Amino acid sequence: MSDTPVDNSKRTWMIASGCAGAAGGIAAAVPFVSSMMPSERAKAAGAAVEADISGLKPGEKLTVEWRGKPVWIVRRTPEQLAALPKLDPQLADPLSLRKPGETPDYAKNGWRSRKPEIFVAVGICTHLGCSPSDKFTPGPQPSLPNDWQGGFFCPCHGSTFDMAGRVYKNVPAPDNLEVPPYMFLSDSKLLIGEDKKA
Amino acid sequence: MKNIKKLAFGLILVLGLATGAQAASGGGIAWDKAPGKTTDLASLQNGAKIFVNYCLNCHSAAFMRYNRLTDIGLTEKQIKDNLLFTTDKVGETMKAAIDPKQAKEWFGANPPDLTLIARSRAGSGGSGADYLYTYMRTFYRDDSKTTGWNNLAFPNIAMPHVLWELQGERQPVFEEKEEHGHVVKVLKKWEQITPGTMTPLQYDQAVGDLVNYLQWMGEPAQNTRVRVGVWVLLFLGLLSFLTWRLNAAYWKDIK
Amino acid sequence: MADFKEISPNASAGEKLTNWFENRFPTAFYEYKKHMSEYYAPKNFNVWYVFGALSMLVLVIQIVTGIFLVMHYKPDAALAFASVEYIMRDVPWGWLIRYMHSTGASAFFLVVYLHMFRGLMYGSYRKPRELVWLFGCAIFLVLMAEAFMGYLLPWGQMSYWGAQVIVNLFSAIPFIGPDLAILIRGDFVVGDATLNRFFSFHVIAVPLVLLGLVVAHLLALHDVGSNNPDGIEIKANKGPDGIPLDGIPFHPYYTVHDIFMVSVFLMVFSAIVFFAPEVGGYFLEYNNFIPADPFQTPLHIAPVWYFTPFYSMLRAVTGEMMYVFIACVVAGAAFGVIKGKLSALMKGVIVVGAAAVVAMMLAIDAKFWGVVAMGGGVVILFFLPWLDNSPVKSIRYRPSWHKVMLAIFVVNFVVLGYLGILPPSVIGGRVAQLGTLFYFGFFLLMPWWSTIGEPKPVPDRVTFTAH
């Protein structure tokens, strides 16, 4: 048809510029998207928190704030610890297998804690985020079963948890209470938020 | 044509006066050039040490987090062990040890926050580091002042010579000179009245490190900024070349 | 669905998709043709013609960086300064977004001034493009407001005192001034109330107005077609297909050309952002790294560089200068009465009007007239299409001495700008007064000087050398 040779230069340079431009565009987007990640201030505010449990008596609960969330520290009584294994049939996930990430390795045991007497958990119901109330006294009470052994009751939608934060069957909440990373700095001091050696 | 000549003359005159005026801004002496670069990690680390030990007692650096010092080559453990004076959390900001109300009572003015001191004091006389380098090295005894000290770079300042033990006490010696038809006092030399724990050379070096640190602290991202900038400019150079050829490929059709 | 365009079932998926859209959103296709692939722009655009596109680019940069800054900035007098340092230090890449925004603000004015200068050179404001010019002047005015309000937000010493001084200017207006200043501030001095409303204006109200004006500016331009360095109307020479002989489709020729120029611009922009964001204190003023202190005015307040020419004019209007202005008004009125070919009624109006103006100039403070001069410096631009009486549009074919006039105008503008940065001085004040007179004389006397001299013959077709 035509004697003039086909000119591919436009296409060549278009592709070259297009690729470079696209690469540049993505590179330019990185700082903007990154700026939405937690800032140094947010990270500093989320740093680990120390808790002094020297004054915590058996059956008492202490609450500290970590990353804006309530973290409970309970010194459980021998009776409360003894009741735990018997509750397995009533619990939805007695071995904390459903969400393995929410229970650290040192809490994958019958007491869901490093030391049996000291229980640490994030005090937020795994249903929709309300903070459950303490119901440590065993026995029949309104909204609780007659054979209640002590634990936590969420007022928002009625979910119940035992003294190891394990969720009962047939309640709205699907999972056990989250156990945060924590470690003992000494027998009377806990560090909530970190579990590696500093 | 007359208008142009008039304007040109006026312009040159104004420029000449302007440069003359700016050389002696703020009523203090001309600034020496601060040594040191903000890429010299050893200098910055020494400067950080001096800052935390001598300055943080009265001045805060409220926008500077301790853990940002990892940018100048320190580990969090080194920061915690050696530099954490006013808090125990490495993620916290550098607050002063003093109570601001007490400081205002004692000094007449609240010692200003130093995070941005180097950026805010820059001027036509030089960088902020230049000013601070001159300032920290031109204190002299002056019994007419409440603090007992005065300063050549910032006359009548309310701050005492915090580093006097290192530099010792000095007096400036002036001589009279003729400049532009009238007599001016010009600094001839410094007389050492009592010695400091450092030699003048050591002191100058220490102050150099301190102001280097202050220059860095004013904008901790500055070294990253320059590094990234080099890559960005290289990339844009390439992109400009490609789009230039792309443009040429289309425009060769236009007659 | 009778108006739908049918497409053969054998067409490719891409063609079918295009057809689907074209049936439901034909406007998009029509507008694309009208403004891009079938908008015929003169082929002889030179580098001066890139600044319009660059203005749009900088507007986009400011909006995008602004959006991300607002995620972290706190519009509260007690928190604002710290929030900017938070962005600089604690927000990942926050320093880059901040510098892009501060550099973009100055770049916006640089690019817009060069864009306006192109208009001045080539007569782009002349018939039939007067409305394009008016929208453009409105954009310039709105941009100045946007920059002024944005500058308060970091709440540094310059931010605070610059705002205090400029808002106090409004109090110089007779009768309504002081109350107007209180209404603007929301308080008796610049404070948290002022900061909050300036934030609202800067972030949403004024940008919306700016976007609307930019759209109007472009639509009005595309309706009449672009001017060119030769000042020739390319629509006067159309081919048999109705397309101007000297016209080429904007897309792909100018899209590809603008992409190249954008690349070069970004190199300059990035060099500043990454290597010298403060630009010696001109783009980020040193004093603004000190938190606002209502009890301590800095030794030397100067507006940011892009306002300084007009600031110079403000400072130049002293009591003495008023007598010069009065003399000018009287001379102008006398000239109009004696030389003007006007009816007796009109001459009477001129005399009465001049007398009224002179009376006001004597009665009202020079401070107010300084504000008038500063505002007048911007407003006079709106009148340019009706001040220029030259038979020829482009500087290329004007008498040579017009080039000299324009050159002096530029030098004068730059000198006024430089003087505005310096502290006041006796000689500087005199030069600024001369400069102010020249600035206004350039425009007010243009109906006369633009007709002086022999223009060169204007060609029929544009001058173009193939690249």
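Just so it is clear, A, B and C label the chains in written order, and each chain counts residues from 1 on its own.
FYI, a contact is a pair of C-beta atoms (placed from the backbone, for glycine too) under 8 Å apart; a residue touches a chain by one contact, two chains touch by 3 or more.
Keep in mind it's a predicted model, so treat the numbers as computed, not measured.
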Next item on the list: Based on C-beta pairs in contact, work out which chain pair has the most and send it over.
Entry: B-C
Notebook entry, point to check: What chain lies farthest away from chain A once each centre is taken as the mean of the Cα atoms?
Noted result: C
Note to self: Distance between chain A and chain B based on Cα centroids, please, to the nearest Å.
What the structure shows: 47
Check: Counting in whole Å, what is the centre-to-centre distance of chain A and chain C, each centre being its mean C-alpha position?
Finding: 55
Notebook entry, point to check: Taking each chain's centre as the mean position of its Cα atoms, how many Å separate chain B from chain C?
Noted result: 36
Notebook entry, point to check: Taking each residue of chain A in turn, which ones touch at least two of the other chains?
Noted result: 17, 21, 40
Note to self: Going by the contact rule already set, what residues in chain B reach two or more other chains?
What the structure shows: 65, 68, 236, 239, 243, 246, 250
Check: Residues of chain C touching 2+ other chains?
Finding: 86, 89-90, 96, 259
Item checked: For the chain B and chain C complex, residues of the former touching the latter -> 3-4, 6-7, 10-11, 13-15, 17-18, 21, 26, 62-65, 68, 112, 115-116, 119-123, 128, 218-221, 225-226, 228-230, 232-233, 236-237, 239-240, 243-244, 246-248, 250-252, 254-255
Notebook entry, point to check: Can you list the residues on chain C that touch chain B in the complex?
Noted result: 43, 82, 85-86, 88-90, 95-96, 99, 248, 252-253, 256-257, 259-260, 262-264, 266-267, 270-271, 273-275, 277-278, 281, 286-287, 289-290, 299, 404, 408, 411-412, 415, 418-419, 422-423, 425, 427-428, 430-431, 434-435, 438, 464, 466-467
Check: Which residues of chain A touch chain B in the complex?
Finding: 9-10, 12-14, 16-17, 20-21, 23-24, 27, 40, 43-44, 47
Checklist line | chain A - residues contacting chain C, complex | finding: 17, 21, 30-32, 34-37, 39-41
Check: Which part of chain C faces chain A closely enough to touch in the complex?
Finding: 64, 68, 71-72, 86, 89-94, 96-97, 259
